[in-house]
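Chains: A, B, C and D, in written order; residue numbering restarts at 1 for each.
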Amino acid sequence: MSKTLQETARNLLAENKVEVIIGYAQGYDAFHTRPVFISNVEDVSKLIINEYCTNNLSVYLPIHKKLKVGIVTAKEQDLASIHELINEHQILEENVIIIEAAKQISSLSSELGEAQRDRGIDEEDGRQEAWKKRGYDMAVEEFEKLSAKERETFWDKEFERCIRCYACRQVCPVCYCPDCFVNRTMPKYLNEAVDMNKNKLFSLVRMLHVFGRCMDCRACNNACPVGIPLRLLTKKIAKDALELFGYVSGQGQEHPFSTFEKDELLEEIR
Amino acid sequence: MLFVLLLQPTTYNLQQKFSVNLLLLGMSIMEYTITTNNLRSLINDLLKEHIVYAPKLVSANTVLYKTIVSFDEYDSTALMTNTSAKSMIYPQTNRLFEFAKTTDGMVLKEDEEVKKSIIFGCRPCDAKGFSLLDNLFDWKGYRDESYFSRRDKTTIISISCTAPQSTCFCNSFEDWGATSKVGSDLLLIPMGDKYLVEVVTEKGKKITEDGKYFEPATERDAAIKQEIEQSVAELMPKKLKLGEIKENLDTAFESPYWDRVHLPCLKCNLCTFVCPTCYCFDISECPKGYSNGERNRTWDSCMSEQFTKMAGGVNPRSDSKRRFRQRVMHKFRYHVDNFNEYLCTGCGRCIKYCPVGIDIRRVLEGAK
Amino acid sequence: MEKDINIIGFLCNWCSYAGADLTGLNRIIYPTNIKIVRIPCTGRMDPVLIMEAFHNGADGVLVSGCHPGDCHYTEGNYYWRRRHAVLKRLLEFLGIDERRFQATWVSASEGKRFAEVVKKVVDDVRSWKKNE
Amino acid sequence: MSKTGVFICHCGSNIAGVVAVEKVVESAKTLPGVKVAMDYKYMCSDPGQNLIINTIKEQALDRVVVGSCSPRMHENTFRMTIERAGLNPYRLEIANLREHVSWVHSEKASATDKAIKLVELAVAKVRRNEPLQKIYAEIEKRALVIGGGIAGIQAALDIAANGYKVTLVEREPSIGGRMSQLDKTFPTMDCSACILTPKMVAVAQNKDITLLTYAEVEQVHGYVGNFEVNINKKARFVSMTKCIGCGVCTEKCPSKKRLSEFNANIATRKAIYTPFPQAVPNIPVIDKDSCMYFATGKCKVCEKVCPAGAVDYTQEDEIITEKFGAIVVATGYDLYDHSSYGEYGYGEIPDVITGLQLERMINSGGPTGGHIKRPSDGKEPETVVFIQCVGSRDDAKGKPYCSRVCCMYTAKQALLLREHYPNSKAIVFYMDIRAAGKGYEEFIQRVQTEYGVLYLRGRVSRIYEKKDHLLVKGVDTLSGNQVEIKADMVVLATGLKPKKEAQNLAQLLHIGYDQNGFYTELHPKLAPVETQIAGVYLAGCCQSPKDIPDTVAQSSATAAKVGALLSKERLEIEPMISEVNPLLCSGCRMCYNACPYGAIEMEDTEIRRGEIRCVAKVLVSVCKGCGVCVAGCYCKAIDLKGWTDRQLMEQIKVISYC
């Protein structure tokens, strides 16, 4: 599989169709990969593709929007992210050549649990139980059934340990704002001081900002160094978008917040 | 004995220097053993008068230093916490003082007295981080009271590790050893159902003084310790040639190498925030209403664009490359020039948690 | 004495703020717990402002605008209605009690209704605070 | 630090009766940035305003907070006040201490606390108030009038009389509108055509009026002073320049099956036709749908007979784009379609006709030459029953409003009937007689007494079609008797409703319409001809049903408004609108997609030296300041001046901390 990929990449580079290929290379061990930028034909052998290719590489596209880029997509969501970026006028379609590897991967990765794959299996040490117990793989519907107090306690505990490293934001393909609102000083939406409430506010606002644009690619969830289950939030906004507006992100529909129907949501506000 | 007289110093400096001296003089270090059960009792005893921080499983795959209320909350299985122990002494948000405008003018209120605390289950790499921070916060006659107010009252009980991960590279540093004691007050070396206890400093000694849970170590214990050191050394990955790397970095500032190597980096603050040695900070005021507020010292990161951004909008490290280079250069070149030590303990967290898999070892080895 | 509850009312300039003015003209009494912030239109209502209100310690937030179809800017309240639906669900998902965040429509002629709305919101927030 | 002056108004005892004003003043003095705080009995009075002006000057204040009645009441007053003192008018905030405090809270202590808080709120906001500058835009000194009925004609003539260029767009081949279909006008019984035709001719001859008939407005862009309008000039297939209006083509045209719209469908017309003899312009059009040539490719009779060679089958629709400073909407009305009334035979009884159909019959230039003939057999009717309020004041039919003209036109038609046929009988079923115009009541009385028209108060429950007559069953509510009338013809006074395309036009222009579909004026009392879209005005029945005198009066009023707008050298625009910081804009187009006014443009901009990015830009004169874009901007690159996040955040903090 990696061989075919390398061949494709070699051709693209050799024929000058792209200036750089963004793909995956071996990470610090066999269970981890890392994004890699290949611009020399000699380096294409670094490219690999396997079930541990969890990064959403489309995050690099807006940064390098002036280059002709060949990009490897390992998940359906990565592909959708690219389309979303095109729709949002962040990248030019003609500058991107997509090397789709998503289908091969999905056949491989069914063996592994999604969470395991995302985190790498070297840490498999019986903590899956704890994972389950704490509601990390809870469906949104189940979580919604909890009482308001239970939900609040859950998230308070989760966001209490957030260190605001903003890895979730930086790895997110649609968090491409030139300057995030948290950096703003006039007014200051968020103080530098890190506490649970502010951490929560940041994530909540980020969720509202990626509403309808999030492809649920799990990049933020995987990036969090302290394991905050952001996936639960991204699943929630995807669910709401579908239920409220029949909207699925990445399908080229008009964004729910830039349009409306006169005779919808009649029961929402009275 | 001489050191008994010196035991009463009023300033931390003397105490610290004394402790170090004890080591440098090669005086025999007091060694004990403690059984797991006794360790439990010891910690539970210490909990009465101390705040105890220890690795605690807070969620799946996430172990963090947290205040514990009993020994049982301590998670002994994790090799390493997700974030370093740094924040126990150098908190991410460190309130320097509160201020209030009153009719008598501005009144400052310093924080309450810091409570005595213990960091239990610290790994040697984290403990070493504190020794690096000590030197930094007490440099050229400037002593950071806020830092030392906590540092002085914190006793670090480390537990050496037996099974390094593929991201560990502490062996690249000279003072390395599975039983490295730098920064610790007390070092525990697990030996099956008991621990070998090495007293490193006076603060550590105080804990063992009670005596009721400790037994003197035997020669057999010393032998086992050596075996452990050996076996861990074998498990470690290959060493970095740090001397060579430093030399390369000295001339690599303008190197085109940085143009390529920074590309995957997305400029989050993760690596610097999980690091046991990254100390950069920002000072900010947080107003509460019109007449009250607090001044905070919060971690900052050279990875962030805001770090060097000036009020007028000029930013000397505006691009990704410059910021990436800064982090590497600071840790392995500038800091060495200033302190003669690397600003790194080899804990490997930045490698393990980097969302884009940047491996600082690879970055260093390639630097020319 | 325990601090009384504290509610921010974001009222659109054209309908609800005028409606609240009419409440005054009709001398209808309502609780003082609400403090009103005038906004041009509910369409201006950035969810981040509502979150900031909670974050800074407000007990409740009320947003009120023109009835659908009556917006001074023709469409502003329709955009708000969508944002509100999403924000409300997300806040609830994070465990913010639904009584604390309310939205309604009050026209410039509904002075009486405005007083009723305020009373209801104050009661709701109070009942939430009691169980806190 | 800002230097804010706080001025608390007692409003007599309106505020001071509940709020301890002196406490509010004392507390205001302690707020950061407040240099001076004082109170006064009536701040809006001349001495009160002078107090503010003098204090600003003496204390060198740069911002002002007034604690008084609602800002909706006196914000502008005080803005002008501080402007007179040399301050930027937008550095003012009002704390609403009357409508929001003293009038709605009775408990003095808590009301005072709230007043203190509201003043603090205003002080916090005003600290972040930027001095805003009024924006000025150029004005295109031309007006567009949509609709060539009497409303549009009058508006166009009056605007032109003011010295401005006017383009009058009419959808039909001729101007004239509904009024040209009428025979006489009530209550004076002037001949409609006699008073209208000179005006139509005046339009055609006025050098300042450009007449575009058989044309429709397709698109409207821009804003007050600078509308850009696309007008579709439909293909007429007859050259406007060559045609001499001889009418031979119409005469010879073999296709004659089409019902004549002008004659309310009681007669037919040709495929090439002028709607009526006095048409302006008197140039026929070919109705493509009924023309044999366009259906079969054969015929071309008109082309052959035309002495001027004016027929041109190759003509195509032509879109012309023009700029206007103001737009007058005078699109008029349609008549209610009575086929929804089962009791009147679902529109299927031939001898049940509408008032307009009778109007066409009675007109001497009409298809029956001024004779009333039953559609079923062409006989002159003897007994005619008139039924009022068909599609008016009828909730069940979704028409709750009164059409205002039916009472009068029914009376007029009854009178005409009696005049033409002295032996005839006219019976009117009515709900109420609404004759509130000048000379109207007298007219109704005359119709009843002099012309012997029988008025029965009541509804008709059913019309039965008998062999050679109609049986009208109803009730006379005054006597309480059931009545049965053997009638030869029934005339329905159908009500007025908006044109069916009225909504489309409203959306093109972004103007509002009410639940009945009539366009909404800006204010029902004080701005009856303006709309919420600056520069768009209303005239005639598109706003609400009205008779000819009211229509003409409204048209002239509209023309006056247009004149006032166009006479300005440049246009002043409220500066509280959105603004983009291009440095922060990512170019995602959320604002561009959402803006209800199309006030956002995407433009390649050099945001830093050498860095060009496609970012949003606000068209200052189009933006109305709703703020939808601000709420949608993730990057926080766009803010609404006067309502900035910074100002609102200050307020939020003040409230939250209490």
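Side notes on the structure shown:
Heads up, the rule we're going with is that contacts are C-beta pairs under 8 Å (C-beta built on N, C-alpha and C of every residue); 3 or more make two chains touch, one makes a residue touch a chain.
Computed from a prediction, not measured in an experiment: that's the story for all the values here.
Identification of common neighbours of chain C and chain D yields A.
Among the other chains, the CA centroid farthest from that of chain C is the one of B.
More C-beta pairs in contact connect the chains of A-C than those of the other pair, out of A-C and B-D. Look at where the CA atoms of chain A average out and do the same for chain C: the two points lie 34 Å apart. Once the centre of each chain is set as its mean CA position, chain B and chain C turn out to be 49 Å apart. Centre-to-centre separation between chain B and chain D, using Cα means, comes to 74 Å. Separation between the centroids of chain A and chain D, computed from CA atoms only, is 50 Å.
Touching of two or more other chains is recorded for residues 47-48, 52, 55, 75, 79, 83 of chain C. Across the assembly, chain D contributes residues 594, 632, 645, 649, 653, 657 that each touch 2 or more other chains. Contact of a single residue of chain A with at least two other chains is seen at positions 179, 181, 189, 257. The touch graph of the protein chains shown belongs to none of the named shapes. By the touch rule above, chain D contacts chain A in their complex via residues 583-590, 593-594, 602, 614, 632, 634-637, 645-646, 649-650.
Residues 27-29, 32-37, 55, 59-60, 63, 115, 119, 122-123, 125, 127-128, 130-131, 134, 136, 157-158, 161, 163-167, 169-171, 179, 183, 191-195, 219, 222-223, 225-227, 229 of chain A touch chain B in their complex. Within the complex, the chain C residues that touch chain D are 6, 8, 13, 17-18, 20-21, 23-25, 27-30, 32, 35-41, 43-49, 52-53, 55-58, 72-76, 79-80, 83, 115.
The residues of chain D lying in touch with chain C in their complex are 70-73, 96, 98-101, 103-107, 110-111, 113-114, 117-118, 121, 510, 512, 532, 576, 594, 596-597, 624-628, 630-632, 640, 643, 645, 648-649, 651-653, 655-658.
Looking at the complex, you find that chain B touches chain D at residues 288-290.
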